[in-house]
Amino acid sequence: MTSAVDAVRETVCRLHDELVRYQLVAWTAGNVSGRVPDQDLFVIKPSGVAYTGLTPESMVVCALDGRVVDGEFSPSSDTDAHAYVYRHMPEVGGVVHTHSTYASAWAARAEPIPCVLTAMADEFGGEIPVGPFALIGNDDIGKGIVSTLTGHRSPAVLMQNHGVFTIGKDATAAVKAAVMCEDVARTVHVARSGGAVVPIAQEDIDSLYDRYQNAYGQP
Amino acid sequence: MTSAVDAVRETVCRLHDELVRYQLVAWTAGNVSGRVPDQDLFVIKPSGVAYTGLTPESMVVCALDGRVVDGEFSPSSDTDAHAYVYRHMPEVGGVVHTHSTYASAWAARAEPIPCVLTAMADEFGGEIPVGPFALIGNDDIGKGIVSTLTGHRSPAVLMQNHGVFTIGKDATAAVKAAVMCEDVARTVHVARSGGAVVPIAQEDIDSLYDRYQNAYGQP
Amino acid sequence: MTSAVDAVRETVCRLHDELVRYQLVAWTAGNVSGRVPDQDLFVIKPSGVAYTGLTPESMVVCALDGRVVDGEFSPSSDTDAHAYVYRHMPEVGGVVHTHSTYASAWAARAEPIPCVLTAMADEFGGEIPVGPFALIGNDDIGKGIVSTLTGHRSPAVLMQNHGVFTIGKDATAAVKAAVMCEDVARTVHVARSGGAVVPIAQEDIDSLYDRYQNAYGQP
Amino acid sequence: MTSAVDAVRETVCRLHDELVRYQLVAWTAGNVSGRVPDQDLFVIKPSGVAYTGLTPESMVVCALDGRVVDGEFSPSSDTDAHAYVYRHMPEVGGVVHTHSTYASAWAARAEPIPCVLTAMADEFGGEIPVGPFALIGNDDIGKGIVSTLTGHRSPAVLMQNHGVFTIGKDATAAVKAAVMCEDVARTVHVARSGGAVVPIAQEDIDSLYDRYQNAYGQP
């Protein structure tokens, strides 16, 4: 394997610590993958391995059809969904899947999260949409993710009765989207459970999204 | 004691760290036990001892009637219930008991947790059932666990007004079930508190359960 | 100061770590005190000092009228309440005060926590009662604690619009009661927010309380 | 830069650890600033930098019009709001901004937090008020903060659909206000979600506020 692959193994491995730190995952559920730049490969978590036991070497390298190219472990049971996204969304460099509590709660109701926080407008550019119910074992989950997110500002989709998938230009951006998705899912849930929330005008959402995508962070 | 007993002491001791890590226990409530393979013995937490003070040596070895065979401490006050399960469910190699918040909340309402998450279908194969109210001090709790879980896919039972007992092929599997039980108990509670949840069709639950039990994790 | 005083300084200091570990306190709110055996003294946290900065030496030694006997810092602003309890409840060896979230929420509604969990029957022997609204600055808080807890099984009282005070035979027992009080306050809140809870019969509460007080833990 | 600036860099950097410890922030959202005593300068977090990567050297020094005076990074995207507060409230020595969950939930409903806890009376002297909806990019947020907090006892303002800004005599006091704001936002939310809360009489609020501001902590 090339050093580019090794770099992605290292990054993808380390990013799982963020899923644990933000309490987005229980036991071994939840996984991060990252595309290897300029190669038709991605790196993903092994299936059913504890987060505390992950090492860069234990990460699994897959081709874009989901077959294992390198690695001693079986890849995540969600590998087919990740692979489908990489094949159909060439701009995507990272994918994250979790069953984080509040995002999954909205998913269990098949209810999009309304955009009533400026932080949501910043990161998601509007509501966080719901994708279809789909069984594991073929391309149905992948198709549901891609059909829901294509043409949508949101990097997160709530898969009905399941959990959340997020995408990003790289694995770090996808993890950030997973962290922020749970954060706003929780805040909006709490807000609404106390009474009616105040909507934000669409033009204000547009303005916030545009500014955050272009002016936030370091140049 | 044999080295097989020592190995179970080590595992059972260490697994209590997971109860703490996932915040399933307060003070000294909650306990793990593990059957010693090929011997009529199991190893369990001492009663009322702080989690930070547990050592393999402080674990208590009991016969299947609950009597102490080896150990300087009194065993968990739930020992009779664990013993009853080991006597009547020979396939069970580990038992866990907690008062974890959300599972205990469903138990206080004597309400089963409906299966509205694919992760629940995976691990529990359907709803998580409720067992009877039972006082400590005889075999009533053990009987309630066994009668509720016998013939049921779920490795977890919500004992009315009490908390949760989980079983597994070994102590690690029982701890996993306790972690996942609290996780889905919380997510479904949050989901339903925001409106109506979407049911999952029984045939889809069956399909998810079958796949997860047979294809997840490492071969 | 005697070595008995030093031992209580050490214990009281260290027990504040449990308030932090169980997230019962924010910033500097919340305090533990312990009676010095066989002396008319108790040891308490200094006022407004961060938990991470506490040392045995920084603890304040007070007489039973609340006056400082030894210590370089001002004592907790709740010292008068602790002192009142020690003067009027000679069996009490430790007092804890927190504004823990769920206990304080019941207190803000002036609503006792109903006993619908066996763990509540074990530790509290029934409902957790509410004490009167009282301002700080005289003996009103202390009187409210003592009048509510005298003749009551519960070692915890919810002071209206304020927070929780707990007592115990020593400071460790009072901290345990504070931890368990928040635990059951949270579980019962969550339980009831999902529908009607099942009551426990008084004779079963009595039986559980009697057994736990006499048979739990190490001899 | 003078050693006074270096001291504020150190303090402001370290205080971000408290935002993380109390789980007030997700990813890189949320920031602390501190005024440099006797100079028309303040120190603020760099934009979009992870909390684990912050060092005193990475903090950004700004003039009171918000322009960067020293620092290798771009300052927080909220710098204009902090600067506006420092220009118009000369008594303020520290400003904190977070999207903490419960405070932001009240903000999403544009609902002030009613003062039903003695700890709220102590720290906030009454309800925590709501400021206007305002877009980032000009002085609107700063104006909203200053107009809401001027003449108000509360050091915290809930900016509609956004989050919370707190002020203090120095950065530590502003962080304390942010921690306490989330704490009472959560407790009052939980309290009200279980039924009607008991109000505190205005004269009692006044008495508590006066005492806490003048008698709490070390002389």
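Chains: A, B, C and D, in written order; residue numbering restarts at 1 for each.
Assume a contact is a pair of C-beta atoms (placed from the backbone, for glycine too) under 8 Å apart; a residue touches a chain by one contact, two chains touch by 3 or more.
Composition by chain, UniProt nomenclature: A, B, C, D = L-ribulose-5-phosphate 4-epimerase.
These numbers were taken from a predicted model, which means no experiment stands behind them.
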(Q) Strictly by the touch rule at the top, which chains does chain A share as contacts with chain B? (A) none
Q | Same-residue or different-residue interface between chain C and chain D, half as cut-off | A | different
Q. In whole angstrom, what separates the CA-based centres of chain A and chain C?
A. 44
Q. Could you state the distance in Å from the CA-based centre of chain B to that of chain C?
A. 31
Q: Give the residues of chain D that touch two or more other chains, as numbers and ranges in rising order.
A: 193
Q: State which pairs of chains touch, listing all of them.
A: A-B, A-D, B-C, C-D
Q | Contact footprint of chain A on chain B as seen in their complex | A | 22, 116-119, 176, 179-180, 183, 186-188, 190-191, 193-198, 200, 204, 207-208, 211, 215-219
Q: Could you pull out which chain D residues touch chain A in their complex?
A: 26-29, 46-49, 73-74, 77, 99, 101-102, 104-106, 108-111, 133, 135-137, 160-163, 189, 192-193
